[in-house]
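Before we start, here is the structure in question, set down as structure tokens.
First chain written, first letter: the chains are A, B, C and D, and each begins at residue 1.
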Amino acid sequence: MRIAVLHGSTREEGNTEALTEIVLDGLERTDIYLRGKRIKPIHDQRHEEGGFDPVDDDYDGIVQEVLAHDILVFTTPVYWYGPSGILKNFIDRWSQSLRDTRYNFKEAMAKKEAYVIVVGGDNPRIKALPLIQMLKYTFDFVGMPLEGYVIGKASRPGDIKGDSRAIAEAQWLNRELKKKAGC
Amino acid sequence: MRIAVLHGSTREEGNTEALTEIVLDGLERTDIYLRGKRIKPIHDQRHEEGGFDPVDDDYDGIVQEVLAHDILVFTTPVYWYGPSGILKNFIDRWSQSLRDTRYNFKEAMAKKEAYVIVVGGDNPRIKALPLIQMLKYTFDFVGMPLEGYVIGKASRPGDIKGDSRAIAEAQWLNRELKKKAGC
Amino acid sequence: MRIAVLHGSTREEGNTEALTEIVLDGLERTDIYLRGKRIKPIHDQRHEEGGFDPVDDDYDGIVQEVLAHDILVFTTPVYWYGPSGILKNFIDRWSQSLRDTRYNFKEAMAKKEAYVIVVGGDNPRIKALPLIQMLKYTFDFVGMPLEGYVIGKASRPGDIKGDSRAIAEAQWLNRELKKKAGC
Amino acid sequence: MRIAVLHGSTREEGNTEALTEIVLDGLERTDIYLRGKRIKPIHDQRHEEGGFDPVDDDYDGIVQEVLAHDILVFTTPVYWYGPSGILKNFIDRWSQSLRDTRYNFKEAMAKKEAYVIVVGGDNPRIKALPLIQMLKYTFDFVGMPLEGYVIGKASRPGDIKGDSRAIAEAQWLNRELKKKAGC
């Protein structure tokens, strides 16, 4: 059971990463920090004759890394009630991977399990629900089950330590993942 | 009543633009095509001492254009059940504008009215509802009323012509906007 | 194509009924006014040995009427952001019909098409979306497609006449239903 | 800090009650079992000259009990992706209380705090979100903050014991309530 974490934060060691750290404490995983990657927004060429032009950026490398894992943890701060733009750009490009003949993207994703960790400042346990629903539809499309999500409340650096509820949930998720990993 | 359209499509003259054309038929407006602009993802520096570093891209110019209008029409194809990454990146950067001392962004936005036009291929009248809710929370945050939205169903180029319901709604919205504009 | 309308209003000739009248203008249908029926709340006996006890009320008759139609139009005023209690009680009892050996309820419902008409006073195009989503999940469970919904805004008697958007949508739906009915 | 629990289950000692028991372990409270009460569906007379007719059932007594408490815990099994019909009927009748001159219902409710406990069998952490959103709008209308909610997954009697996540959340909520109660 190989775990990859797709970090959607643009700030280093922020609240989302701190909460993710609790979820993954003691577990081996591959950390993918999207903020350090170049991922261009998709250019929708689904309906052009030649399909998508190749894009010169880091996207392909990330997808190949993703495909080599079994559990995908998507993390993002809640930016304007949605995922961060860098995470959104990454997901938008899946439309390109769906048509990439090098691998069967959809079939491969359907064999993985997804988890989501989001942290927001403005009543996230209510106002981040559309974000959870949007990601659920996204994972449904590729047939990947959303096995669980944790919503934390924090704004200023370090705030997450005060969200005892999110920490309890993160610890629960850590125990679950350890069971799955056979730790 | 000056109208600005924020076009979130990455494809030229796609279904979202065709539907938008019906909504705005006969109305003067400023078209802002985000796909032709360079807008970097936000780097969250809200909590750094010096605040946000200036960013060298097209964002500031777009915001100033936006601020010079009264009605904002946000349009986006439904990409993975959310806004396109280029629209999301634009909205994410509002966090920077909120702290920009050159203008009172929130107060200015609260005086405007928002409309939303989205077009998706996968049951959008249900599966784009989280996207509508996300934008609603976004506009609420800056105090800008969401005056209406139209959801169209289309996937391949030209499909939107077959969505008689969306077209009827777009025509209704066109009449409303013309009343507001005093046409 | 036989149409049945399940009226969830508790008020006669209110806004929801007026909007429904536009949707069904010129179409034959069976009107079922839930407010005139006795439908007891469900008593969950799914897990009792003998299953559900027979209930002495009007529910069974309504279900048999429903099963004799092809298109079901569910109408309800938005009461506290959900369906009216009388409509909810009717739907809750479906759990009993699912176990009723006299008919194959789920299979029969899966062959029908659902439409929804709701009217609310407090920003219903946003705040009635959870109600739409709840009904969608409900229809999904029995495999019945939700073919369309109309959301109207009205509070005091007659208000709906002022919601030109809802009226335009209702007229559109009327044309669609007439096409299906071969009128 | 007086706690009242509004039990929306129709089954005795079901999963929802078992989860609620964990949340309230060791805390004094008033249990109100709606299944044992007669609460008629609302008859919408908001717009009639004389207003609402008095209704001969148990509703008034429950409201007076509710008004005598500071924390309200609403519990319901997820019936068809919404609250149970008996809970919905209770809430629908608030429209009557809002016009009851004996007390200022809205002002009184605004001073209370709400918690929600729901248990469903069909992926409730996703499919019960519209139910949570509906209740949030409901509490917003009377100005009562929704302080927290717990979603459990269970179907057959006893199932809830296997939902270690819901139990961890219920235990967290129990600690919070004990802090508030000064235990």
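The rule we apply is simple: contacts are C-beta pairs under 8 Å (C-beta built on N, C-alpha and C of every residue); 3 or more make two chains touch, one makes a residue touch a chain.
Just so it is clear, the structure is predicted and the values come from calculations on it, not from any experiment.
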{"item": "Each chain counted as touching chain A and chain D at once", "value": "none"}
{"item": "Chain A on chain B, rotation in degrees - Cα superposition, rounded to nearest 5", "value": "180"}
{"item": "Interface numbering overlap (same over half, different under half) for chain C and chain D", "value": "same"}
{"item": "Whole-Å separation of chain centres (CA-atom averages), chain C against chain D", "value": "25"}
{"item": "Cα-centroid distance, chain B relative to chain D, in whole angstrom", "value": "38"}
{"item": "Distance between the centres, which are taken as Cα means, of chain C and chain B, whole angstrom", "value": "34"}
{"item": "Chain B, residues touching no fewer than two other chains", "value": "129, 133"}
{"item": "Topology of the chain contact graph, where touching chains are joined (line, ring, star, complete, other)", "value": "ring"}
{"item": "All touching chain pairs, where touch follows the definition stated at the start", "value": "A-B, A-D, B-C, C-D"}
{"item": "Complex contact set, residues of chain A against chain D", "value": "125-126, 129, 132-133, 136, 146, 148-149, 164-165, 168-169, 171-173, 175-176"}
{"item": "Chain C partner contacts - residues on chain D that touch it in the complex", "value": "9-11, 14, 35, 41-45, 47, 77, 79-86, 88-89, 91-92, 94-95, 122, 127, 129-131, 133-135, 137-138, 141, 156-157"}
